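For reference, chains read A, B, C and D in written order, and residue numbers begin at 1 within each chain.
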Amino acid sequence: MARKMNVALLGYQFMGKAHSNAFRQVNRFYPDLGIEPVMKVLVGRNKDAVTSAAAEFGWEDVETNWRRAIARDDIDIVDICTPGKLHAPMAIAALKAGKHIICEKPLTNNLKEARDVLRAARGSRKKTLTAFNYRRVPAVALAKQMIAEERIGKIYHWRAVYLQDWIMDPNFPLVWRLKKSEAGSGPHGDLNAHITDLAMHLVGDIDSVVGMTEAFIKERPIPEAIDASLGASGGRSKRKGKVTVEDACLFMARFKNGALGSFEATRFAKGRRNHNRFEINGSKGSIVFNLEKMNELQYFSDDDPAHAQGFREIIVGENGAHPYLDAWWPPGHIIGWEHTFTHEIKDFLEAIEKNRKVSPDFHEGAKVQAVLEAVMDSAKTKRWTKVAKV
Amino acid sequence: MARKMNVALLGYQFMGKAHSNAFRQVNRFYPDLGIEPVMKVLVGRNKDAVTSAAAEFGWEDVETNWRRAIARDDIDIVDICTPGKLHAPMAIAALKAGKHIICEKPLTNNLKEARDVLRAARGSRKKTLTAFNYRRVPAVALAKQMIAEERIGKIYHWRAVYLQDWIMDPNFPLVWRLKKSEAGSGPHGDLNAHITDLAMHLVGDIDSVVGMTEAFIKERPIPEAIDASLGASGGRSKRKGKVTVEDACLFMARFKNGALGSFEATRFAKGRRNHNRFEINGSKGSIVFNLEKMNELQYFSDDDPAHAQGFREIIVGENGAHPYLDAWWPPGHIIGWEHTFTHEIKDFLEAIEKNRKVSPDFHEGAKVQAVLEAVMDSAKTKRWTKVAKV
Amino acid sequence: MARKMNVALLGYQFMGKAHSNAFRQVNRFYPDLGIEPVMKVLVGRNKDAVTSAAAEFGWEDVETNWRRAIARDDIDIVDICTPGKLHAPMAIAALKAGKHIICEKPLTNNLKEARDVLRAARGSRKKTLTAFNYRRVPAVALAKQMIAEERIGKIYHWRAVYLQDWIMDPNFPLVWRLKKSEAGSGPHGDLNAHITDLAMHLVGDIDSVVGMTEAFIKERPIPEAIDASLGASGGRSKRKGKVTVEDACLFMARFKNGALGSFEATRFAKGRRNHNRFEINGSKGSIVFNLEKMNELQYFSDDDPAHAQGFREIIVGENGAHPYLDAWWPPGHIIGWEHTFTHEIKDFLEAIEKNRKVSPDFHEGAKVQAVLEAVMDSAKTKRWTKVAKV
Amino acid sequence: MARKMNVALLGYQFMGKAHSNAFRQVNRFYPDLGIEPVMKVLVGRNKDAVTSAAAEFGWEDVETNWRRAIARDDIDIVDICTPGKLHAPMAIAALKAGKHIICEKPLTNNLKEARDVLRAARGSRKKTLTAFNYRRVPAVALAKQMIAEERIGKIYHWRAVYLQDWIMDPNFPLVWRLKKSEAGSGPHGDLNAHITDLAMHLVGDIDSVVGMTEAFIKERPIPEAIDASLGASGGRSKRKGKVTVEDACLFMARFKNGALGSFEATRFAKGRRNHNRFEINGSKGSIVFNLEKMNELQYFSDDDPAHAQGFREIIVGENGAHPYLDAWWPPGHIIGWEHTFTHEIKDFLEAIEKNRKVSPDFHEGAKVQAVLEAVMDSAKTKRWTKVAKV
């Protein structure tokens, strides 16, 4: 009989919807978890909006004050899906209240806040998870497995881009993601955070970096009512405001194990809707992944006979062969983006049930923050910069 | 306030799981349907197994006698997910009981049964749906839309294959899908049914056909306990039994509008897990789809400037631009195979609510059956055969 | 020291240009052939045109009467690149004159003519080659090698299309290729001939077939001056003439070894310029080739570990590993369509020098003709038809 | 009547073979150039080897002293295909002798030498060409055309890699390309040179850069007889020598027009034989090219209707529509790597005949050198570096 654990979800936009779906689905596809999450309370400042969202997503109750929600005795798990500037105070409060915590990425808006969170986490016996969901794409988990199996050999190169194009129109409004005070940074924290986590997961720790940033559009129309959601613009006034985050950020890196890395995040790559692509080259093989084709993994093996070598396109959809897939459908019946969250929640609950570590925890999330911050420093000093120890 | 309608689901294997998921999810992503399906009763012969499945999938109640379940007054919708030989009796019983009905494809195991079903359906004011779910892949719906927009022009060619490889091992056991008495046919009814429906949906009615079939492996091990599920083999005895369905079936067709068609279904295409691919060539453009890359649609337009023509790969994942996608995630955050069922249930419920036709209904399902049967006749007579009128 | 052999080339259009290039290049890249072809005489009816072509392509001399050219004592090799209706008389004359012969495909316009050619060839000790150049694409030669290495296992399926779109405009003129009296047939003899040869080369002999043909555009403008070249339309009159060949021809086949085949040739596949694609499925693997990406071969191997299986894209451009490539450039520096002719001429000259068989000879060319003719018969009788023995 | 111009080719390895082929072929496919290059003299230090090569490639005469060859009065054109360290002295001598000059890339081994060459070029009325042949890939020329047509709009991003894998085996010997004294640098001068030229050709001048280099394998076996050719290893002694060039070099750049660029060249990308790929993102569209698929260009246009947008794969093989292709074959009959040299020689001869500029001339070649040198400086200082004016 599964043990019930109550969840409070903070935030109900795009990410809140995705997490809600995962909580709802997880026991249906992983019936033997031992834990059944109960969708207890959805938290948002606007009573009407959060009430409507709770009905749509399937939450029992709502709450407009996040501190009150976190303090509730009946809550076991706090899930933070708000803009970045709220991550640190919420995570710290939840840690103090003794909750298990999932926090959307990036962990915080800067390294100082991340350290604050880590300090609060010291001594806690609860589980923490920084929700870098792309680790739980089956193809990425397969990549990790193949590296562990030594199919790639010693890694020489990591090459990743995360390209989008949703703000290229100069009339796209000044939403919260374009304001440093809310979002901390632009595509750097939003997208480079993802590929930095993947790089550290698949290749290893990063020693030093050199970065550059650019804002192509310096001013944008101010939405009449600024909504704290991605792309929600409401009506547009004619007034323009200053864009305070970058539109693009590139960096190069040296890994501690000697590999070389390149990273690029931009919102100005026309035609690239959600193009999170990485390539790893090792002494024995290579691996390529692209989120837009997330059910596929490219793999080159030097072990193949010379005349039969080539990048093979693995369709990562095989129950019985591929990570996470046993829960789903027969071979070739592919899954989607939302399933990464179901996998994430499943692993998180499993870690609680079996009292084992789940990755990336807050410490790993803070290490990503250290890399991101070194890049930003480097963009200012125009020099190579060491990544701070966390 | 959404009206509740109670559902009885017959069958709880692979398809039952997929339909259950759709019933559970549909209101979460389409909150304004006006109907809320209630997962009332799951039906199966084996009490223990169906009880366990009901708990896993989220059904309130179970029933081991399908006639009793259909007869229940509190049931509004009957959903048939059993092997083909049960489709006709179940559908007829449900029609007589005045239920709305969803029936998995193919509608029946042969044309005679399909006619029996149609006869029972005459006069019914309830909705019927033959569950050819691939019409509800967003990319396929987009193909339909583009054809309606006259982007392809007059259609000359339809070219489709549905390739799998799950029974190539000669030791794969004699499951129900390999027995004519249960399944009616092999990949012809299983896979050609799908691409025939798509062909009629996208190109038009078929006038005549010529077909061929082949069984490459004539005998297979008999499973000790034959389980009525796909691929469930249990232990294997050393005794072999006769395979009574084909392993592959190809046919060519003339459409009534003059287009030429080719179709192929096989379970002997090594490496093709679920390769349902079609190409349409018209006077102004072409379209290509492949289920293994179901979030993509290839499109060639003759309207492009001569030096800039090429097949473009549309990533069909845009809310605001692509069919069904508004309900889901931001651009480029792709969905999976299971979502086609959510779309199907959504359209079905919408048709009930607004009292409008839903396609493909049982009449369209029977027309597919007429084509399939003409192919089988042709394979015997070795001649071109006219498709019977339904 | 290489032995010189004199060549007479009959025809100077598109194919003549391609063969000329091959004769000019072959010794540069295969310096150790032992034979040096001398580009002696180019043959065409129109003195001015053939003279100009000879200068452009590098032929020493011209001749307007093909019988006279063939009769010349100093000619060792006759190469026939004229429209199909001239193949038989030219080949027979050349055989009688004791020449080595290369004849463009298809060998003849019908099976009767092919038999006539074979009769004339009986007893000849000279080499004959039917110029199905696609056997000499390195990727196709690699496919052949991989099949010989038993990497694919027992073959179950052959699936080929040859799609073009150059006559889709109804105002495209009535060129020689659209007249049965000149070309024998439409895409059937032009394109199905190619894929039929490849099928027999890679899979084996064909037992029986069923086919269909269609002419979508029945009448076309008559060019004022009909030029015997592909696509050369000159000015167009307003008069229309009847198209006497098909626009598309599909057929299905049973191979003698039990494999099933499908074939399609059309000139009405918008966006497909030269899309000659085949797929072979065997018990152990699969192979896919597409002429538009002729430096690539797709290969699936069941020997790969279950979680690492996928179609691999072999870039067939490796000297040291891939057929024919040693002569050319470093890995990944790809070659083009024209090189297939250089390989063909190279193999032909090598066969002369070493007095060994070269494939496909006239007998193999005639066997292709027998299949093509059975298809055409079947399209009339609307039944499966046995392929005649040659 | 075409004017004859005599050519001296310095070097007869891989590049010499490719240039020879181009000289031999150019008039065959571009018969109206007005100039006929005569393959007069092939130059190499080793009499036997150069004599053999001359016979194979089709040169009239040989010469072992390059200064003597350049000094010959009957030579009109000097073509330099030797290792980089000889480029400067040879080019300067040829300029002084008043010859037209083609020089393989990179123009020189360093910027100082490039300036020396430019100084010698001052006042010369002869044509100079730095042989960055990839500008003459039809797909690249098409990219240039599409940018000029303003199909891409304002360019924001350039993203290029040139990946190879031919020296990953630690036992691969210490050939001349791995010695700084001969080659100047490793993949930086060999591969980054190419993509830097393409970047400047397609995007514009580069303002500043930051780079990094790495040598993964520090020592390699010394070949017993060091042959001045790519990959020619002869026997291998057990002695090892120091690798004095980098194995990989990455850099980021700011273009003068505000675009951001990333560049990477490596010989350690397993499975990437000759993977020269670039992507350009502009305000209205994007373009992607990959040399391994050199007959294709990917193009995304924001002008397409929202639901029909996608990267289209243009097969750049259309006479009548695509650059350079009129000379070759019908649509879809693709060309290869060697043809880029034929195009290059054709443009060079045309520039001589019509007395117009040909790009990239030595000045443009020197500008590439300035970028390369700034990258190397930056890799040492670990800071962003301004590109020197040339």
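Observations on the model:
The criterion applied here is as follows: contacts are C-beta pairs under 8 Å (C-beta built on N, C-alpha and C of every residue); 3 or more make two chains touch, one makes a residue touch a chain.
Since the structure is predicted, the reported quantities are computational estimates derived from the model, not experimental observations.
Rounded to a multiple of 5, the Cα-based rotation taking subunit A onto subunit B is 180 degrees. Of the two chain pairs shown, A-C and B-C, the one joined by more C-beta contacts is B-C. Put simply, the C-alpha centre of subunit C and that of subunit D have 36 angstrom between them. Subunit A and subunit C have Cα centroids lying 54 Å from one another. If you average the Cα atoms of subunit B and of subunit C, the two centres end up 41 Å apart. Touching two or more other chains at once are residues 272, 300, 309-311, 315, 318 of subunit A. Residue ranges of subunit C in contact with subunit B, taken from their complex: 153, 156-157, 159, 161, 163, 165, 168, 210, 212, 214, 216, 248, 250-252, 254, 258, 260, 262, 264, 266, 268-272, 279, 281-286, 300, 302, 309-311, 382-384. Against subunit D, in their complex, subunit C makes its touches with residues 14, 18, 20-21, 24-25, 28, 31, 55-58, 164, 166, 230-231, 272-275, 291-295, 315, 317-318, 328-339. For subunit C in complex with subunit A, the touching residues are 142, 145-146, 151, 297, 299-301, 304, 306-315, 318, 320-322.
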